[in-house]
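Working notes, structure below.
Labels run A, B and C following the written order; every chain starts at residue 1.
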Amino acid sequence: MHVEQRIADLGYELPPAPAIPANVAIPFLWVRVLGQRALVSGHGAIDSLGVPEGPFGKVPTDIPLEQAQISARTATLSMLSSLKRALGDLDRIAGWGVVNGFVNAEPSYAQTTLVINPCSDLLLELFGVDVGGHARTAIGVAALPFNLPVVLSAELMIAG
Amino acid sequence: MHVEQRIADLGYELPPAPAIPANVAIPFLWVRVLGQRALVSGHGAIDSLGVPEGPFGKVPTDIPLEQAQISARTATLSMLSSLKRALGDLDRIAGWGVVNGFVNAEPSYAQTTLVINPCSDLLLELFGVDVGGHARTAIGVAALPFNLPVVLSAELMIAG
Amino acid sequence: MHVEQRIADLGYELPPAPAIPANVAIPFLWVRVLGQRALVSGHGAIDSLGVPEGPFGKVPTDIPLEQAQISARTATLSMLSSLKRALGDLDRIAGWGVVNGFVNAEPSYAQTTLVINPCSDLLLELFGVDVGGHARTAIGVAALPFNLPVVLSAELMIAG
């Protein structure tokens, strides 16, 4: 499948490991592997230095839909980067299970589905529908770490 | 067990597949089956044509508790309808695992438990406590797709 | 490992089973065991009588960060208490998988990570990194049951 090659072919790059500010402890694992399952912590967009990437704030008042969609795509690459470090090779992913999309949304913002779609689209592009197909829930929340506009978590199966 | 018969006996009907507006892409699966697990995407109430069903808005200002409870029950039927399409037969469900209930709530609305209870009640009525018993979390969120008052996601086990 | 002894050594005590007000039905299981997995429902802080424990309200306006962190730690003990009742012995826990932290947050409150950290810290202290390590997502939500400041849910593996 050669997922990393497809990432490059699409013009994307995996960011480095998250570089969290020194005053924020991260006492959890970005990816927890349990047998054939990989459980992925909430990831937001990070830049090429691993630093949480703005613009930050609420969708759609601070962050218009199109910018939130970019943040969702970048957060997907951040998840994939953590998975590569945890699994060694993204080709070990045997099946995506579920993606949870959290949007830092104004009350009653009705387009969280559209915000998270670039994540689903990218997974399908990279892994194909058999491996990349997934269940999903996309909700609007009151607050996210670092005031990020989008955070994604996931669960998937890995080859034995 | 004959779950579908029990649904009919209780006077309920499974809705058709969701009929999402053409301008909203749904690049995910309503149910993802991975081995013996079925992961269910966020489902809201839909009507007998599959269209997201109102009234829409916030609990309890736009939608009183009793109406939100009806929406939770209808969303449960929507999940069951997707499961029937994915599994062929609801009797293949061997054990409900977890239900996540999301309520489109005003800040500090303290009764999300009561909003989601009709979902749990219906699962227990249809599947009995051994199969239908489940863990659950019911939270109030800032926004939901289509401004639905309730969205439910779930995970369950299916017979091998 | 003797997790219960370590709880006592740290000066903590497991609360009793939740004692929910009679007008609130709880038609779900606090812990759902499915094969080697244990799925844990949303738990908040409870006191030594099992009653939901205040102070209640929003972080950080009603509840400052430090108080919310205490609520997160107490909610962790509440989860552990339910797990003890479900599993018989906390030493049967073979690996924590994922913890979901829900903070009853003011819009755009950016420190949900810090609110939930005492949960992760306590799990690592009690179980060590191999068993206690976990994926995590910590989000701010509009509303929680009983207007609790923090609710935690989780999934973990148990010995066969």
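Rule of thumb we're sticking to: a residue touches a chain if its C-beta (ideal position, glycine included) is under 8 Å from a C-beta of that chain, and two chains touch if they have at least 3 such contacts.
All values reported here derive from a predicted model rather than from experimental measurement.
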{"item": "Same-residue or different-residue interface between chain B and chain C, half as cut-off", "value": "different"}
{"item": "Copies chain A and chain C - rotation angle from C-alpha fit, nearest 5 degrees", "value": "120"}
{"item": "Rounded Å distance between chain B and chain C, as computed from the means of their C-alpha atoms", "value": "25"}
{"item": "Sequence positions of chain C contacting 2 or more other chains", "value": "107, 141-142, 155"}
{"item": "List of chain A residues in touch with chain C within their complex", "value": "24-32, 34-35, 37, 39-42, 57-58, 100, 102, 104, 107, 141-147, 151, 153, 155"}
{"item": "Residues on chain A engaged by chain B in the complex (per definition of touch)", "value": "95-99, 103, 105-114, 117, 120-121, 124, 133-142, 155, 157"}
